[in-house]
């Protein structure tokens, strides 16, 4: 981490500590360069916490399903905990991480995860028919942009985390079980 | 696109028009939401144009190799042109896009692209030995962070572009041939 | 389940209830046919609880790594809990389930899991060199038989469980966290 | 092999010799440990020779199709011979071993082999729709259990055989041609 | 190349030079053995230039799509140029080479390329239903033979070119852009 | 088949009947067009029967190994018989068809089949190091051309045969067992 941290960063980390009880290791991993940290957090916060037709839980479900395909240790632990927290259903978090098809999902969420899965494993075969399936399940074109963006974002973070061997904070493991 | 565009965005687009002769379609695709546009351009500019032990050409080579594996139409066209431009070698751009192993590369660039390829196709198998191979080829740990980040970023953009069917500007096709 | 259960089966279930606090759902799933239940439990008990040069924890690690590749909901939940219990290390169980390469393993356990992984994903390429790598890591030929047998067994149970949609007992999820 | 063989094992081997003209090498391979041999033969005999809605030929067809995907030398030779014998159709055995889709099958057997194939290659994607396809082809839920169990069993034996390099008896090769 | 070249070969090369402005490197690569050169050119000319229900452009589209899957440097360059030339559409050539699904195709050409793709990636799963899909799109059985033959031919040439590292003539790169 | 067959074709078929006891179905499949038949047989005869540093048996071994990966019913049956015939070893033919790694091969033949396998499954990754491995095993560059050509040729014929559903002559099945 750069020393000293800029005030804005310090404050952001204090908020994390207060609200989450920890500073997520991914933030510390980026903190050797404040610009990189800022671009990461700006994109993360917009995608995962900003306005969207997708609920926060749905966005976290996409995060975990993508991370499960990519077997990303960091993201499975951190976002698995988020699914457990947001859903209040500890088993749902494990289902997303282990095999999302075992979860009882409505047609909307199933369509959403099928699209995220296809984008992850064979994005080049995505066609208008795949987008139409999302519309048929009730998603708007803006929602489709968000599904694609969230799935794509975790295809990025999974690879950064695996590429530089990021390890998740220990506190995630036992939380919301 | 939001109407009217904020001044900063308008200026950014004007700079694009002036320097590139076009506004890249990816920017227009994000311009329905200025926050999303900004987070995308901030990350892109930091990664591809900011300080790094990797040359801009090397970063574009990673972009094209990743996009070739993912068969992303938008990124292959736009970043293939960038490799042609930055290298002054039109054939190199096509080699990166069609099959990077056909290019005559020094040990450094070969190691860099092998790592980017592995992160793209089986990121979960990345191990310390893979990072050590980069160090042995002369890369610092900061460089490794940048290789991973650039490879990961295009694993994101490839999927956004394919997910929402972005089409590259026609001007790329004939440029720097 | 057949009604009434034969005495021996009833006793076996009582022992499970007493020692594990539950009757594992896999046993109930087989109990429609006592012969099938008996052949399953006989093989399971011999492989996982019988004499072997592999510790019980090592056998459970193989079980989870194989089940992770096959994304078997039942086995990941049940045997992930077993790794947590036997190792006293809740994080180790999640590492095995999410991405075993993130675990710090000695050369012996790494060789063991590489062999189990190869048997699971491309068994037809197993060659004498693969067995020699196990011998070099200190395993005897009898140990190799056991590694192969345990890895193979979970390649069976994963497919039975997924094929007929077995669900693990809820009690596993929160245990040994 | 343990020396001397227990009486029951000796008798079982004698029956093999009498009925098959050989002791299958897989039995000799397990005979270093009578308990392992017994658990293997008990499960094998229940699955392949016990009561089932599947004919013995159908079970052998599943065995060969699974072994073909896994390229298991032992099982392709031994169970290919069994398909030739039970069907009285030497070409059918080769079709199952080389490419089952070239065989003219009725809807029932095609559905059965599609399910066995999916369980072998991507078991985690097995869903209720796959089981419904079997029911639509006339299979009961008990039959589905048997299809899954037989397919799963050969996913086990293929890996034991490849893992420890079992070689089939030479007598299989020319038989029932 | 054999020295001197037989008269017929010399004439053939002169025709190439005159009509194409170059002698394609593949011909020079085969010219160490005139019989091999002749069998190659005879098959090539029959398939790509002979009578067929497929237009020459369609055959070149198949060539590029197959070569894209196999990432064949030589064939992507040479036949990418041919698609640009025959279609008069420089972008179409790049679409075929980078990701054919991004091209706007009519139902006939889409069916043709889906079949070529399947033959390339999982030929053993080709079934009557796949051929029927081609008939439904307007192709005759003779046309199907030609689609299969052209797709298969480039699955051969891709592997010869990659196997012996053939490099395409430089003149292809800038042509018909 | 065209009627009447040209004299040369008729004679060729008569020779087949005399020497092989049959007219291979592949020839009949091509005989609807004499030019296609001739280009096929010319290439086949040059590659499989012409001068080469590879023995005829070695070429047939490549044919079967490639066809095994592609699961081509026609070629596995016809060339499996050829390996049985040329080697006088019926088991060797089955090993090549089922899993070539189970065969005891010298370093030369193992290197040859590894190269053929790589060309078949991931030809784009073939590099100078792969060719050097062949040279180290005693092959000349001309031999490498032949290995690549034979492996490539069967990657073609496998796809024609599967694409148009060619069935091998029944006489192959029982021969040379």
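Here the chain labels run A, B, C, D, E and F in written order, and each chain numbers its own residues starting at 1.
Methods note: contacts are C-beta pairs under 8 Å (C-beta built on N, C-alpha and C of every residue); 3 or more make two chains touch, one makes a residue touch a chain.
Treat the numbers as computed from the prediction; the structure is a model and nothing was measured.
**Student:** Averaging each chain's C-alpha atoms to get its centre, pick out the one most distant from chain D.
**Tutor:** When every chain centre is compared against chain D, the largest gap points to B.
**Student:** Rounded to the nearest 5 degrees, what is the angle of the rotation relating the C-alpha atoms of chain B to those of chain C?
**Tutor:** Angle of the fitting rotation, chain B to chain C: 120 degrees.
**Student:** Compare the two sides of the chain B and chain E interface and say whether they are made mostly of the same residue numbers, over half shared, or of different ones.
**Tutor:** Over half shared, hence same.
**Student:** So using the touch definition from the top, which pair is joined by more C-beta contacts, D-F or E-F?
**Tutor:** Higher contact count goes to E-F.
**Student:** Relative to chain C, which chain's C-alpha centre is the most remote?
**Tutor:** The chain lying farthest from chain C is E.
**Student:** Taking each chain's centre as the mean position of its Cα atoms, how many Å separate chain A from chain F?
**Tutor:** Chain centroid spacing, chain A to chain F, equals 50 Å.
**Student:** What whole-Å value do you get for the distance between chain C and chain F if each is reduced to the mean of its CA atoms?
**Tutor:** 43
**Student:** Taking the mean of the C-alpha atoms as each chain's centre, how many Å separate chain A from chain C?
**Tutor:** So the centroids are 30 Å from each other.
**Student:** Which parts of chain F, given as residue numbers and ranges, touch two or more other chains?
**Tutor:** 71-72, 99, 124, 165
**Student:** Could you please specify the touching residues of chain F with respect to chain C in the complex?
**Tutor:** On the chain F side, the touching residues are 99, 101.
**Student:** Under the stated contact criterion, what part of chain D meets chain A in this complex?
**Tutor:** Spelled out, the residues of chain D in touch with chain A are 124-125, 127.
**Student:** If you look only at chain E, which of its residues touch chain B in the complex?
**Tutor:** It is residues 68, 71-73, 76-77, 90-91, 94-95, 97-99, 102, 165, 167, 170, 173-174, 177 of chain E that touch chain B.
**Student:** Quick one: in the complex, what on chain F touches chain E?
**Tutor:** Counting only chain F, the residues touching chain E are 32, 35-36, 38-40, 42-43, 46, 50, 70-72, 115, 119-120, 123-124, 126, 128, 131, 142, 144-145, 147-149, 151-153, 155-160, 162-165.
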